[in-house]
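Chain IDs A, B, C, D, E and F follow the sequence of writing; residue 1 opens each chain.
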Amino acid sequence: MNIQRFIELALEEDIGREDVTSVSIIPTTLSGEARIFAKSTLVVCGHEPASLVFESMGCTYHPQIDEGRVAHHGDNIALVRGPFRNLLTAERLALNFLMKLCGIATHTRNTVQGINPNLRVVDTRKTTPMFRKLERDAVRVGGGHNHRFALYDGILIKENHIMVAGSVKEAIARAKKNAHHLLKIEIEVETLEQLTVAIEAGADVVMLDNMTDAQLQEAVSINNGRVLLEASGNMNRDRILAIQNFGIDIISMGGLIHQATWADISMRISSL
Amino acid sequence: MNIQRFIELALEEDIGREDVTSVSIIPTTLSGEARIFAKSTLVVCGHEPASLVFESMGCTYHPQIDEGRVAHHGDNIALVRGPFRNLLTAERLALNFLMKLCGIATHTRNTVQGINPNLRVVDTRKTTPMFRKLERDAVRVGGGHNHRFALYDGILIKENHIMVAGSVKEAIARAKKNAHHLLKIEIEVETLEQLTVAIEAGADVVMLDNMTDAQLQEAVSINNGRVLLEASGNMNRDRILAIQNFGIDIISMGGLIHQATWADISMRISSL
Amino acid sequence: MNIQRFIELALEEDIGREDVTSVSIIPTTLSGEARIFAKSTLVVCGHEPASLVFESMGCTYHPQIDEGRVAHHGDNIALVRGPFRNLLTAERLALNFLMKLCGIATHTRNTVQGINPNLRVVDTRKTTPMFRKLERDAVRVGGGHNHRFALYDGILIKENHIMVAGSVKEAIARAKKNAHHLLKIEIEVETLEQLTVAIEAGADVVMLDNMTDAQLQEAVSINNGRVLLEASGNMNRDRILAIQNFGIDIISMGGLIHQATWADISMRISSL
Amino acid sequence: MNIQRFIELALEEDIGREDVTSVSIIPTTLSGEARIFAKSTLVVCGHEPASLVFESMGCTYHPQIDEGRVAHHGDNIALVRGPFRNLLTAERLALNFLMKLCGIATHTRNTVQGINPNLRVVDTRKTTPMFRKLERDAVRVGGGHNHRFALYDGILIKENHIMVAGSVKEAIARAKKNAHHLLKIEIEVETLEQLTVAIEAGADVVMLDNMTDAQLQEAVSINNGRVLLEASGNMNRDRILAIQNFGIDIISMGGLIHQATWADISMRISSL
Amino acid sequence: MNIQRFIELALEEDIGREDVTSVSIIPTTLSGEARIFAKSTLVVCGHEPASLVFESMGCTYHPQIDEGRVAHHGDNIALVRGPFRNLLTAERLALNFLMKLCGIATHTRNTVQGINPNLRVVDTRKTTPMFRKLERDAVRVGGGHNHRFALYDGILIKENHIMVAGSVKEAIARAKKNAHHLLKIEIEVETLEQLTVAIEAGADVVMLDNMTDAQLQEAVSINNGRVLLEASGNMNRDRILAIQNFGIDIISMGGLIHQATWADISMRISSL
Amino acid sequence: MNIQRFIELALEEDIGREDVTSVSIIPTTLSGEARIFAKSTLVVCGHEPASLVFESMGCTYHPQIDEGRVAHHGDNIALVRGPFRNLLTAERLALNFLMKLCGIATHTRNTVQGINPNLRVVDTRKTTPMFRKLERDAVRVGGGHNHRFALYDGILIKENHIMVAGSVKEAIARAKKNAHHLLKIEIEVETLEQLTVAIEAGADVVMLDNMTDAQLQEAVSINNGRVLLEASGNMNRDRILAIQNFGIDIISMGGLIHQATWADISMRISSL
């Protein structure tokens, strides 16, 4: 579903038949401006869905701080203009997008700021259903990178797949035979022995799952540049700082998204 | 959008054309069971969307712990059975629902457990777009209550409405005149003077926004049982414990939902 | 479904693949004007759907008489301009909306004109499926008022609910416990004894179903202003005139909508 | 839109998020039966949409009187069984379909009963938007016939088309040239001179619009069996009886549908 | 489904989440022009879907050769302008429409060019699912004509229908009784005896299926102008030339569409 | 769009309101069997969409020859059973799928049969809009292979991309930087010099566009196994046979799909 359609449905969720409060109280003839401002320090993100919400309601949206920049308490993130009835009806949904996405961008920034630029910290498929694109965009706004988007655009063989296939070697062989020739093959391993097998079987990328720092270092040494290495499991900023120079290519971390809470943002009418 | 349709779209988001990994590696002929288990202490929630995900993929879902009960690390939350290819394709989306909803139920439980039963702690409209019903259900599973669902089924006059209407009194008068006769009228006030005006103008419910404990106590005294009182702003478990016996009817708290992070849950094949 | 989408589907119902008559006979290059005029005395209603029909077909619509005003035989209700092929293809659907909605507005006007302004005559949920909003708007255009919109925005406990709940008292108690705090509770009663029970159980509104004039008068006396009273069943203009000063707050009357027949309206090309 | 989808949308219109009354009061565990019965004399029609409404809500529908048969006050039209909560939520929409469609079938029966079987009394495209199929079916249930369904499956050249084409002759010539070879050509005429022109130009059917009885008789004589003749305008049962043996083939009458009001039907729980 | 919606879905089929190549390589800031040109001799067809594809992607489309005209190797069919990223993303879908539709128009032209103008060579319902309108338009662009559009706008009784009905006579009788009065009745026959029966039973059109040239000639003689005659089966340009002056009214030929292969067309950036 | 939904829309395209012929002639009470048989030699393909068409109409479909097997004139491809009215209404759409898909499978078989098994002959994105999955499946049924599915699951840098990027080297550098780490990078080159540049810039796959046999041989030699090589342009069976042992990995050929014409298949009632 495209973002425009998603916002129509989300407006329908919140408005339904009509905003009985605003329809009862606010005449259609009054227009003006409101400001959307930060109530805590945050990384700005979400102008696109927020602006689409207001535009869907016949209002205009004027960003005051670029995506990726920091806003402090009281800073205006955006100004919105239009009929007051529509501004007030749109307010909650637009803020819900902004608060959620600024929350992810802020949490990502706090996690990855200043680390070794040769190391990509990427998200995972642990995303809110129907929000993958928006949440991944927020990760990039916060300075992170993205993994494959979904099940259709990358091969990632996980522990459960290996169990059914019977072995790391067999799983890789099947993937090479059946997938089209433009997809790389990544496989998750839990031991260094599996790493060696995976490389020899022709994997292009290997995910090192829940390994200790020592294991990660040894994995880099075993690999010797043959495949891309991705570390996963129990990651946080402190651990990233500790392992950032081991030579791992990628760290994947679902928590960039699912451990972020919403930022605090409000809207207030600024001119009647 | 109904939940069935929502899940179809969410599956489409994650699967797209096909799960290239599972299609390449897992034969369609193999079936078996997997277990979904807690990796931290959590309140179970989300069986309905999780089961619909697996059923949409031709698998069955067997809850092992009732919604609202606590699961500890290692406890099975559910068993799932079906073709392995489909189990693995469905896994991520189902876990995404469970991790998110258990997270909210757990956070709500941690916030409201054991408080005065005459006090309703309710959510707000600060919900993830398109997830309002699921998130509100999770609040109830965790022991909280719900506010109005949306803009169409309740009148709540907020500060911005009052600014446009000109006064508390005028805003209430308009609502009484224009709304149908089965809707109550709630209004948000920021001072005790406004409280008195609101009661005299015929409000049915008054929201006391960002008041101190002392103000809340005085509000109860001023009101003297004439309208329902709802306190809002800067709430957390400690504050709730402090004010729970003041005589306030309702505390509303968006953070029940938007300050919850995901619970940790995994799926592992349990029988080949 | 929003009105724009509804009209697309209705156009599809009537046009399907194409209007074979107009496509065969009317060149795309000819444009002009047609007039839509009354063929009987009627209250004008339906400009919005009619204009959307013509606009969906690339024509413009120019109202000549405001909604709620009376048109007499021969009066122009609207002028429409555009390519003749499109005007003729759109004609039937637009007239179908106008004839139906003018019919309801006219019937409502004939029913409620000049009655006691403290008495609200309201519609019910007996509306043509998918036309509730349009038909309710037509009731207001004709001078009537509206009841709750649907099952989701008001609680109305009817005879069948009471039978299942076991008693008036129990039904009201359940509603108070389970509904959110912004909804009033209305209950239908068939006797004056039930009225007393309902008031004491905490109903906010009581519907007096199929009562005689004498019963209605006594109900007002019993109530003594404690709850809102709504009379329902066997209503028509003569009865409304007879009971309008009893002190009843509301009369509900499905026939405002379902006993209205279509008004007579035609379209004729006025300039080639 | 198919009928199943239409009913889903109509249920959504009436239920929205949920039937707050039934959800609050009726436990999900109680099931039973209700009867749907006539409160006036009527021709039964509408079992299909009514049954689909109840089936969409997980209930069953058991017709007690066949479509086209007469029901008298108190007669059961159908029995419905299922969870009470669902029966009560579905009730209104199902009755709305039944009351509307029985109304049309009854009005059609009252109009055409017992007339000359060689004369077809048919409906027109003056139908409620989105209800054409249901309303046309009701006309047939009441003993009437149907005209073309829509703009795509028949050519009917009306006065406005002739004005743009320039003449009856030119309009027919264009239709013959451009339409595919399986469509007949009907044209509306207002004078007997036009009738002659139309026949000579190759019309297959001629509609005689708003003619007097004498003109209709002369039209039959002029035609002498060459084309089908359809009379239209100012028709009611008395006029049909007066002209039924003139030799006209078809009478078309929009009022079969748009002058029908709803029949009176109720639902009551019959076994707890 | 309208063409605009169809193109949205087709773009979604090809683009999905995003065109990863163009997004990775082409900056959003660069705009320019590309030319779409013939790589073989072809009849131009398909400007409408091709232009809608580019317009859906924010580009403009400028036809260089009118529909129905011949393009030779190297001739520009259209120019397109817009952001390069969008031009390259839209390219394939637009070319797929053009190559397919030019292919049909070219094949039709090669089949029907220069034949007796009193003979209509028409297509059939053997069309690519969801492409009937586009393919039929291409047939007309190539100089052919169209049969009925679909099952809803014409009666064509085929061999299987006759088998179930029991006889040619019975099948025609049922059609005359049940269809509305604006549809003609066509029937397929396999022998000259059936032709006579069909004419006498009141058919309006008779399809002569798989007859020899001699049979076709005799059929014309038997018919003597009473009904329209359509020949079908084993048709190609040579046969059409051979039988074009027999007096048959229509030849139907599915191969106009399903034996056409795609024309060769490319797009190249013409100005950076 | 999933195949089930696609078939619903395609049935709607052909049936619309109703199959007026079958509804008029075939009673709903008669059921039986029909056979679907080849009228020329063909490779069977399309059982899935054909069966879904019949099942959507309440009939059953019984394949008689497996996909990928050859059917000769007169062989039954499938039997279908159900109400005759529905069998005849479904017939055309089901045959349209079968004739089209058998045509592609047959053409592919004729092209690739017996070639060097180390060489993959693959399709391209030159597919009928909305039919990509079905057409690609038919290519595999005929013995071919598939390229990337769409723009979202593979990077293929073509001549137009290189023009905008400025050089082969720059285009590859951008792709490596911006795409996620599970996608390979393919680039189209027109000269052997470009091949060398592409390999050195880090391409994973190189498409050799419109090269002579001699150039292809030299390309293999230059490459020396470093990247996958794909030959494209002016391919047919004879050329494939000539170059099959050069050491090219992949030949891509849009004509597998767009130069295939429909196979000849009919349906006949086999038991009344």
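In this text, a contact is a pair of C-beta atoms (placed from the backbone, for glycine too) under 8 Å apart; a residue touches a chain by one contact, two chains touch by 3 or more.
Remember, predicted model here, so these are calculated numbers, not experimental data.
Chains that count as touching both subunit A and subunit F, per the definition above, are B, C, D, E.
Distance between Cα centroids is largest for the pairing of subunit C with F. As a whole-number value, the distance joining the C-alpha centres of subunit A and subunit B reads 22 Å. A straight line joining the Cα centres of subunit B and subunit E is 55 Å long.
Separating the centre of subunit A from that of subunit E, both taken as means of CA atoms, is a distance of 47 Å. Within subunit D, the positions touching two or more other chains are listed as 16-17, 20, 149-150, 152-156, 183. Taken as a contact graph, with one node per protein chain and an edge wherever two chains touch, the assembly is complete, since every chain touches every other chain. By the touch criterion given at the top, residues 16-17 of subunit F touch subunit C in their complex.
Residue ranges on subunit D touching subunit C, taken from their complex, read 1, 6-7, 9-10, 13-26, 30, 34, 84, 87-89, 91-93, 95-97, 99-100, 125-132, 150-161, 163-165, 171, 174-175, 177-179, 183, 258-262, 267-269, 272.
For subunit F in complex with subunit B, the touching residues are 133, 149-150, 152-153.
For subunit E in complex with subunit D, the touching residues are 120, 122, 146-149, 152-156, 180-184, 186, 204-205, 228, 230, 249-250.
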